[in-house]
Every structure is written in C-alpha cells, then in structure tokens.
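Each chain carries a letter (A, B, C and D) given by its place in the written order, and its residues are counted from 1.
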C-alpha cells in the first residue's frame, strides 16, 4: 500500500530532528548532513507518492493512512490519521523540495555557526511539523502541526537569541500566533459542538446541514487562525521582526511555507467558507487590506530582509484574497502560493547570499553595485524579481494575473474594489521590488569600509539557481491546460467558467496590470537611479513616510491597545491579589488576634474583678430566667 | 409569719455577701462575706426544710457548717501566708498574674 | 490468596519510613538511597496493581473493607476507579523522581536529611490513601493528616519566609478542612437517621436530604477542596508556599496534594451532592474561568520563578475545575487527564526550575540570563517543561486542555471561549521567563553554572518522555479514565449535549 | 423510733475509701517517718492506693448499677468510668508530682528568706503534697458518683480544698504561686456559695436533696418553676466555675500559671473529669426533663466559652497561660457534649474527657522540663528553637498540641468529631458551627507554638531541657502513647465505654 508510506514523510525528519537534538555536540560533525538527508529523503518519498497519485484515476488519488486512535472520549473521536490528496501533495512537494534546497544552502550559510547542528534539528522539526499540518485529516491533527510550525518558527527566529531583540522577536511571533491559535481552537470547538466531529471529511459532510450562523462563526475563527499564522491584518506585526532568524529560515518558513499555512487552512476549509458568505467576505477584506498594507510597508524598508518580509505579507494577502473569492479562487491562491514559494524563497536566499558577502549587513543603503561582485546572486535574484512583479512569462505573472482577474470578476462594486486593490498592490510591488534591486545591485558602492563582497559558494548558489528556474517556469507549467486548477478540482470543488460575467477580458486585465507595474518600476527608477542614494536614511521626509517606516504604526497600535493596558492590568491585579485578596485573608487573622488581645484585657489580675465577673454572669442568668418566666 | 420572707432575707444576705466579695479589699473581709453567703444558703435550706416539712435541709445546714469550718482552716492558712509574704492582706495587691 | 494491592502499595512507603528511622544519624547517602529504593518499590507495586485493573469495569476495584471504629460505623475502606488509579500512578511515579531530582535539597534544612525522607515517605503513604479511600471519614483523616508532613517539609526545608508560608498553608487548609468536617458530621448524623451510622461513600450518596441542607453541605466540602485545589479567591496561600518550599516539596504539593482538591470535587462533591452540584455549577464555572485568567495574568507579572509557576498552576486548576463541573464526557475525562498531566508538567517546571535556582542561588527571574548558552541541556528541559505548561499540541497537556475546552464548550460556550484566551496568556507567562532566563546574553553570575549531571538527566528524562509520549498517544490513560469519568456524569444524570448536526 | 443501721456497701465505696485511707496514712507518715525516707514512702503509699483503687474500680464494674451509702452514692457505669479516668490521670500525674524540683521545700517559710534557703539547701522536700493529692482525688472520685446534694457539696469541697493549698506550693516564683492559691481559694469559695445557694433552691423545689427525688419532682413538674430555675442556675454556676466556662473562667489562667506545673496538669485534667462527670450526671439524669430551661443558657455559655478561649489564647506569651485558655476552649467543646443530651453525646464526652485529660498531663509534664537556671521557663519566646535542641521533647509537645487542635490521627480529633456529631444530632447546629470555627482559631495558636519550637531560631539565653527523671519520662511516655493509640485505634475505648455509659439515675 502506497498510503502506508505517508507517515514516513513526517517520521523521517522528525526522527532526524530528535536524533540531532538528543545527540548534542557529538553530532556536530555530521548533523547538517543527516538533516539534509532527512529532508531529501522526505522529498523522495513525496515525489514517489506523487507519481503514484498520478498513476491513479482522479477519484482514487486521495489516500488516507490511519495510524492509531489519538483521542477518544465519548463522541469526541480523533484518529491520528493522515490524508494525502491533491492539495496536500502540492504542499508536500513544496515543503520538502524547497526545504531540501534550503537545507543544502544552510550547510554553507551556517558553516561558521557553532550551533549548526541545532539549526538543522530545528529545520527538520519544522519540516515534520509543516508536513503534519498539511497531512492531518482533521482540524485537530492540523492543529498539532499548526503549533508545531509555530514552535519551530519560534526556535528559529530566536536561533540567535543571545541578542535580546531577537529573543523578543521570537516571543512576539509565538504570542501573536497564539492569538491565531485561539481562533483555531474555537473553530474546532464550535465545529465539534455543532457537528460532532472535527475531521475534514466529517465536517464537509455535515456542513450543508449546519446553520449559516454556525458556519460563519467557524469561518471567522478560522480566519483569525489564518491571519495569525500568515501574518494577515490585524495579526501581521510579527513577521517583520521574525526576520531576526537566520536568512534560510526566513526563506523557508517566513516566505515559502509556514506563513502560507493560513491560505492552506482557508482552502482546506472551502466547504465552510463556501457556505458562509459573510466569513468569506471578511477573508477577502483581510486579504485586500494586507496586500496593500504589506506593499506600503515594503516601500519604506531599508532592511533587505524586512522589505522582503513586507512583500511576503503582501503576496500572502493576494493569496488570501484569492482564497476568499471561493471556488473560482482557491486554485489561484494555491498557484500563487507555489510560485511565491519559489521566487520568494529564491530572493531570500539571494538576500542571504548578499549578507553573507557583506558581513551580515542588511541595510540596503549600504549596498550598491553588487551586480559585478555577485553575478550569480544577481541573476537568480533578478529572475525572482521579474517573477514577483509579474512580468510575463515568469511564474508570478501567471498566478498574480489570475488573482487580479478573478478579483475583478467577483462582481459588482466588490469586484471593482478588490480588483483595484490588487492592481494597485501590483504597482506598489513593482515599485518596492525595483527599489530593492536598484539599491542592492546597481548604482554606486555605499559599503562600509570593511566590506569585501564576493560570490557565495556553490552550496549556496545552487539552490538559488534551482529556485530561480522554478520562478521562471512554474507559472507556465501550472497553467498549461489549467493543470493545477484541474488537479485541485476534487478537493476544492470545481467551478464553471463563465459563472460570473467577466468585467474585462483577460487580455485587457493583463495589459492594465503590466502598465501599472511599469509605472511602479518607473517611479522607482526615477527615485533611486536618477537621484543619488544616501547610505543613511534621510530624516527630512514627509510624515507619511515616517509612519510607513514605522510599519504603519502597527507596533505602536499593538502597544497602545494591548501591551500597555495589559501591563497595567497585570500590575493592578498583582496589587489586588496582595492587598485585597491576601489582605482579606490576613485581615481575618489580624481580626482574630486583635479581638483576642482585646478580650485579654478582661483578665485584669484583680480577684475582685473576677468575682464581679462571676456576679455579673450570675445576674445575667437570673435576668434571663426572669425574662423567660415572665 | 410567712416563711417566704425568710427566703427574701436569705437572698438579701446572699446578695450582700456577694457584693461584699466584689467591693471589699481585705482578704479576711472578703472571706467573711463568703461565709455570709454560705450562711444565707443555710438559711434558705432551713427555711425550705420548714416549708417542705422534712429535716433534710437542716441536716445540710450542719454539713455546711462543718465544711465552712474546713474552708476557714484552708483559707486562713493561705491568707496568712500571703500576708506574711506581702505584708498586706489586700486582695488588690495580689496582681502578679494577669492578662 | 488475594493481595490487597491498595493497602500493600500504601504500606510500602510507610514501612520504608519506619526502617529509615532506624538508620544511624550520619548516614545521609544511605538514607537517600533507601528512600529512593522504597519509592521505586512502591511504584512497582502500583504499576503491578494498574496492570490488573479492569478498565471497562466502572465499579470500584481492589476493594478492601475492614472495620476501624465500629461505634461510629467507620471503616478502613479503600477501592479505586480509573480516576483514582491514574492519580495514584501519578503520585507514585513522581515520588522517586522527586527524590532523585532533589538529591541534595534536604541539606539546607533545619533537620536531618533522614527526617526529610521520612516525611516524604509518610506523605506518599497518605497520597495513596487519600485517593483510594472510599470511607468519608478515612478520607478526611488522611486529608487533614497530610497537612502535617507537608507543613514540616515547607517549614523545615524551605527557603526564605518558609515558616510563615508553612503556617499560612496549614491554617488555610485546616480552615477548609474544618468546614468539611462540619459537613461530614451532618452527613454522619443524617445517615444515622436513615438506616444506621455510616461513612460509606456509596451509602451516603443515597441519603435523602432537603436541597437547602444539600447546598450547605456541598459548600462545606467544596470550599475545602477549592482551598486545596486552589481556586480563586482561595489561592493566596499557594504562591507563598511554593515560593518557600523546596522544589521537590513543591512538586508534591502542587503536583499531587492539590489534586486532592479537584479529585475531591469529583469523588465527593459530585457524588454526594448531585443536586447541589448542579445548583452551584454556574458559580463554580465562573470562579474557574476567573482562576484561569487571573492566575495567568498574575503569572505574567511575577518576578519570582517559583511564584510564577504557582500562579500558572492556579490557572491550570481553573481548567480542571471547569472541566469537572462542565460535566460532559470530554471535559470530565479531560479534567482527570489534566490532573495527571499537570502533575508531570509542573513537576518538570519545578524540578528544572529548582536546579536553576539551586545553581544560581536565587529564584528571581531577572538574576538569570543567557542560560541557553551556558547550560543548554538544562535550558532545553526548562523550555520543554514550559511548552508542556502552555499546552503545546503534541505534548500531553494539550490533549487534556483541549478536551476540557471542547467538552466545556458544548455546554458552556461562553466560559470556554473566555478560558481559551488563557492559551494566549499561557504563551506569555512561559515565554517571558524563558526569554529572561534562557535567552539574551549571559549575564554576570551565570557564566559558570554547570549543566545537568547524569543523575539529574536520569531524573528528568522520564518526566519529559512521558509528556511527549502521552501527547502523541494518550490512549493508555484515556482508556482507564473514560469509563470512570462517564460513570461520574451518568450518575449525575448528565449526558453529553447532542450536536445539532450529526456529522461523522 | 427505730434506727436502721445504714447499709454502706463497702466494696462499692472501696475505691474512695482506699484513697482516703492512703491519704490518712500519708498524714501519719508526715508525723512519724524520718525526713530522708519520707519521699519514697509517701510516693509508694500514694501510688499503691491509687493503683489499688483502680483495681477495685475494675473489679466492681460487674457489680455496678446500684447505689451505695443508702442512696447517697450511685455506682453505675458512668460513675466507674469517671473514677477510672480520674485514677489513671492521677497515677500518671503522681509521677510528675514526684519530681520535687517543682515544689517549695518549706511552704511556711517566707519567699526569699534564709529559712527557705536553708530548707532548700538541706534537701528538705515537700512530701505533704502526696496526702493532699490523695484527698483531692478522693473528692474527685466522690464528685461524679454523688447522688444527693449533700454528698455533692461535700465532695466538691473535699476536692477543692487540697487543690487551693497545692496551688500555692511552687518552688519558683512563690509570690505568684501564693497569689494563685489566694485567687483560687477566694473565687472557689465564692462559687461554692453560689453552688450551695442553688442547692438550697433545688431542695426547696423538690423537697428532697436526693437526685432521685429532684428528678421525680422535675418530671412531675408541680413545683415552682422560678425556684427550680434559680436552683439550676446557681448550681450550674458552681459547676461551670470548676470547669472554667466563661464568664466563670477568670481564675483559671492565673491559677494555671501560678500553680506548680505538675499540679496545674493534674488539676486541669482530673478536676475537669470530675466536674464534667458530675455535671453530666446532673443534667443528663436529674434535670434532663428540664432541658428547655437550661439548654439555651448552656448553648450561649458554650458558644462564648469556645470563642473566648480560642481568641484570647492567640495572644498569650506564657505557655501555661496559653494552655489555660486552651483548656477554657476545651471546656466549651465539652459543654457541647452536655448540650447534646443524648447517649452519643455522653459517650463522646467521656471519651473526650479521658483523651483530653491524658494529653493535658503529658503537655504540662513537658512544660516542667523546659528550664533555665532559675527554674521553669514558661515564656513562650524562650521556647524558640526547642525543636533543634531537644527534638524528641519538642515533637512530643507538638503532638500534644496537635491533639488539642484536633488534627486527625490524634485522640483529640476523634473526641471532637464524636462530640460535635452528637451535638449536631441533637439539633445544636449553631453550637457545632461555632465549635468548628473556634477549632480553626484554636489551631492558630497551637501551630504558633509549633512554629516557635521548630521554625524559629533560638535566642542565646540559657533555656534548656533538663534530662527528665524516669518518672516524668514515664508520665510523658504514657500520655503520648495513649494519645496516639486513641487517635489511631479509638475503637477499643469507644466500645468499652458504650455498654457502660448508661446512668441509672
């Protein structure tokens, strides 16, 4: 049975990770090799399973592997069971494929780090968790992977946690992800309470019989989850800081795979969102806001990784937008997700390569003219650049164009708004990515004195090259005969073409998009080629620029709304606990002591007062008797 | 004469004795007040004896007298010792033990 | 010949304590080894008992009844169901781990090392007894008597304001216990009116009483358990006690003894006063939710590592209590599983935290810094324990926490939703100390701390292994707990809310 | 007129007569035996009489449930139980009393005088204490078996008078000791007067002093209720004074503190048994039918006694005073047993009295051990760190305190449980609740002492624990053993009490 192989996808990197973590320093010599091998083996298994799937007729391609009964209490019955279908295999190949490339890259990139072994352990752990996320056949299984990748992300962002800001960044990512997890938890609870099951299949079956209100609630909760994991508005703030992690991590986790898990979740939950229009509307709104939000932030970033991170946020906004459009959009969301996986991972690795050559400098204002010193990096990065801004025939063109088109066709004012947002976003993307290219690779040298830029070794550029090829050809391949759309049809339900009237013919849309992209590029060229670039960010800029530089005040807002009131609440409650609650406890004690000390004074030591007491007692009793007998 | 009046007298004597215990300072006087209370009780016994028409109350009175005599022995011993130690028979001076 | 497994298991540590007392004064090492051996033998005995446990049988098993004080109808009566079995297993497994982990923690005490282990062993006997008693009087006796060894363990071997903390703990618990005593007396008297004085739990459960009476008696029991558990607002003794106690004592205190409170709620409150339990459920659910959030927020603000862990426990006990009183299969099973898991994750936190504190000589979080570079293994253990405490999926505590939440949601959705906020706060209260203590640059005073030695690794390994293994495969425990938990609910006449749509 | 010679039933009275005989022999020994040999001879005689009396009590338990001395004394199960308890407590107390360091060598000498110093240096010891003790014991034995008011009054005085004297015999702090004697005497006599006055009214109501007659009159209900009520009230005052119930308690802290510690222990334990024995007999049999008249008063008194005792004990700095207030609180607990007015309450009271009495003697026994150069140290602050220096002594004391606090697995817990459940059964819910709450308060100060002994570092003064003499050790050991045994296996004693605990009148 081929399905019995599914578990090995996860088990291999998981065991490798465990071995690396437990073996400790002993594994320093071979740790990276084992890690890479594990990832590659997993990719091998995935590829084999993919070929097996291809060999099957469409309706038999999905396969499940039940491992054991995980939780079984009353009617709450969850198996540890894996589902490999057309959707998850896409992710499996992306995760293990890109993952393996990044492992290879990291061998070299991290070679000077004393803790390289641990780095590979975390990477393997991430691969395993991410695979579990996409392979779980129920929301609860997904949840395990979901938090697993969060953990791996936390560990990797904080890989250099001796630097306090990095440690803080890691914590921030984890906590904000937990906000998303809250949504996922609640979604599962609502689903169980209303449908009695938490498996995808079970809920898919029960969804049509469930009230829209319930489904909307589940949908909104899932959206919160997705927003947390995929850095969508309003839970986007952690992604920029997450760039604290080593660059391969940014490439793998915070560009290609983990951050797209939210899109996976929404796509996987298509049966809920399709039946909950309100939730779906919220998804597109979140997507649209985020794609603009990220793009705007990207325009003002001088840190190359943060610029790319903002771009990632924005691109995932596109995916979310697409996923929110329902059956017409799911396939495009996934397509963009995959192409983005190639080009963004490639660009991150490129950025890593640049940093590698520039003493880990990340400020683009201190780059410049690196084209000549890092030709391979330049070329691979450039191919990724062309892909992301959507120049045909590079991958991004196909996927993004489809999303813009679908958004425009969403109907009515909604379609126009969404389409415009997507188009505007494309222009911004072109602007900030061009800016990155110009600042990094062209123009004059603005290096620090001790910089000696050089091309990276083959272990680093080879993965970049392979990803660059992916950025070039993947879009084309996916759209040949709507290959990906058809492939995914069994999972996300087919959509008929012409269901919506087309607002504009596709070719016109592409034309408009390309025009806007060109405008974006031109502005960037005007601003950064025609004018000299300073190696420190100019201070005399507009207020708007300042706000954009501060990530549109996202951190300030979080601090004002959550952090500071939270800290105040904590302080208050600590005081309350001490003074009021414990105070009451001590008060009772003090009262007993006090009244004891008071009563003690009756013991004067004088016989006469004692006898008086007796007499008074006797008198009281006599009085009592008198009262009774009256 | 109504024998109940003896009871009132007895109660009065008892009260005088009890109040005396409370207000007098000299240990001897206090002790005598207690004796007064005992004798008030005796008076009650005898009165009740008469009212009830049996002798038991009078028997009790004899017992009481014997017991009171014993009490005097013990009491005086204690009071004298205190007096010797403190050169005072005031009960208010004996105030080491309190609170 | 039948072996009375419960009595045997309970007696073993007591015999150990007696033998230990005969050891000569100076033989510290031998005392430790002996105590460790005694707890291991006890654990073996308990496991042997567990193997014979028939898990689908909802009756009490290994029942043993002997007359103790016949004139009051008091029996030495013991017997266990799945819930009790799980808690006993937790106790006997934690005991040797605590001894091994805190190999040197008795040294700073007021009294000899030997005394420390005698107290621990006596306590272990009582722990087994308290979970297996089926005679209310016997339960009460052990419930109260347990305070004494713990009191001496805190006051005699703790740090800082140890005697004040010990007194606070003792008085608080005694106060609760006396309220329970009043209720027990009332039950006893009523049983006399209704067919003869008895303390037999099953018979007392059948007593007829007015709802007012039931409510009052319920409160007597519940407040005692709420203090023990501890539930907001009866919690203020716990942080003080945990801060002052040695980490081993804290493990036994928070990990095991406090479970007597939640266990008591299931075994006594629900069984004896079903109607009152229902009456008070809304109030209790509210208190539980407050505990969850309140404990978590206070944990976030703590500067002392041990206090922090104590407050996390208050939050966790909120979950357990909520699960118990939500009275669905999932929440009830989850609550019991939570008790078990909390025992292990708190044990891990306290044990590793204790090592950190012992090495650094301070329990203030800000005194630590950058331990991950200096002592990677210890840092990892702490991290993993913390992850367990925040109920990371894949670890055992997740299963229980989620069961409680999902089970509660089906009956009290609002409570469950608010409680779920606790998972965000949990991330904060774990990650803040993790960041301060383990991450960042290595601060002065921490440069030369030694990493875990072999003994410590051996001690912590089973705890962490259990946390991970039971996260992936909780079935062995759930299979034991489920029948008992469902039995508890069905006795109360509760069935799970039916989903509006039947899926599958 | 024909006189029938009275039938006395000597065998039934034998325990009392043996003790009285022993006491008289003791007096003769004082007169005729040389100083050097007196202590051992006196101790032997005292011990022998006590043991003989106890044996006799055990022997006649089969013959019980009858009257002796023409109905003045009733020998029934409860009476014998009380007598047995008193004798056992007396036996273990006599070992303590035998430790002569506690008593002045010359009671007649002025405190601080040369005469006193010479007496002390010459090794003179006070042996009068033995006959005095025996006289008191004889009174105590008689008190709970008295069956008419005359006997009751005589017994009260016989037990009280020697105690007044014994209270003044302390070697150290003699002035305080004499003051204690004075206070005890004056207040005791004062309360006796109340008692006697009340007895007169009871007699006036019933026309007879015999309990049987009074009972019949109460049941008949023909007499004047006011007279009955006054009689009950004033008799109760006398009895409540003896047990130390609020507001008739004021003597006890001062006397407990001032009296020589062994005497305090003996007095606290044995007097309570005797006084409660008499009280139980009177209120359970004679006045049971008048319960509507006295129970409400007793409830109020029980409640204020429990609360007062517990609260005031908290702030005490002297161990003997603390124990005195604790004994007041215990009097309150015991009063709930009187209030219960059912068989369970009666059995519980007997059990409680015995358990409490034994633990009390043990506790005071330990107090005698803690000394500095000038004698016993009863200031609690100086008990700090005792657990470190003398772990066994401190542990034993802690155990007694836990028993007083009613912690399970000590005798005190079973007693408290039994007495409260009986009171609850009788409907006195409020009293039980107050009892439970004041137990919580009481725990506070018992635990404070434990903290002091175990968790507080010693001040550097010379407080130390003397090596106990074999006799003191015996006292403490027996008390401890009994306290443990009664806590863990109370069944034998409870089962023993059950069939005997039936008043015949």
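Note that contacts are C-beta pairs under 8 Å (C-beta built on N, C-alpha and C of every residue); 3 or more make two chains touch, one makes a residue touch a chain.
Quick caveat: nothing in here was measured; it's all calculated off a predicted structure.
At the centre of the protein atoms shown, by the Cα-centroid criterion, sits C. Inter-chain centre distance (subunit A to subunit C, centres taken as mean C-alpha positions): 37 Å. Chain centres here are Cα averages; for subunit B and subunit D they lie 25 Å apart.
Centre-to-centre separation of subunit C and subunit D, using mean CA positions: 44 Å. The geometric centre of subunit B is 65 Å away from that of subunit C, both derived from CA atoms.
Among the residues of subunit C, those touching two or more other chains are numbered 171. Of all residues in subunit D, those that touch two or more other chains are 182-183, 186, 190, 194, 253-254, 444.
Touching two or more other chains at once are residues 589, 600, 603, 605, 607, 611, 618 of subunit A.
Touching chain pairs in this entry, ordered by label, are A-B, A-C, A-D, B-D, C-D. Interface of subunit D with subunit A (complex): residues 182-183, 186-187, 190-191, 194, 225-226, 229-230, 233-234, 236-237, 241, 247-248, 250-251, 253-254, 293, 297, 308, 310-316, 441, 444. Of all residues in subunit D, those touching subunit C in their complex are 347, 387-388, 391, 402, 405, 407-409, 413-414, 417-418, 420-421, 424-425, 432-433, 436-437, 439-440, 443-444, 447-448, 451, 454-456, 489-491, 494-495, 498. The touching residues of subunit D, when paired with subunit B in their complex, are 107-108, 110-111, 149-150, 153-154, 157, 161, 164-165, 168, 173-176, 178-183, 185-186, 189-190, 192-194, 196-197, 199-201, 203-204, 207-209, 253-254, 257-258, 321. Contacts from subunit A toward subunit D in the complex involve residues 589, 592-593, 595-597, 599-600, 602-603, 605, 607, 609-611, 613-614, 616-618, 621-622, 624-625, 628-629. Against subunit B, in their complex, subunit A makes its touches with residues 600-601, 603-608, 611-612, 615, 618.
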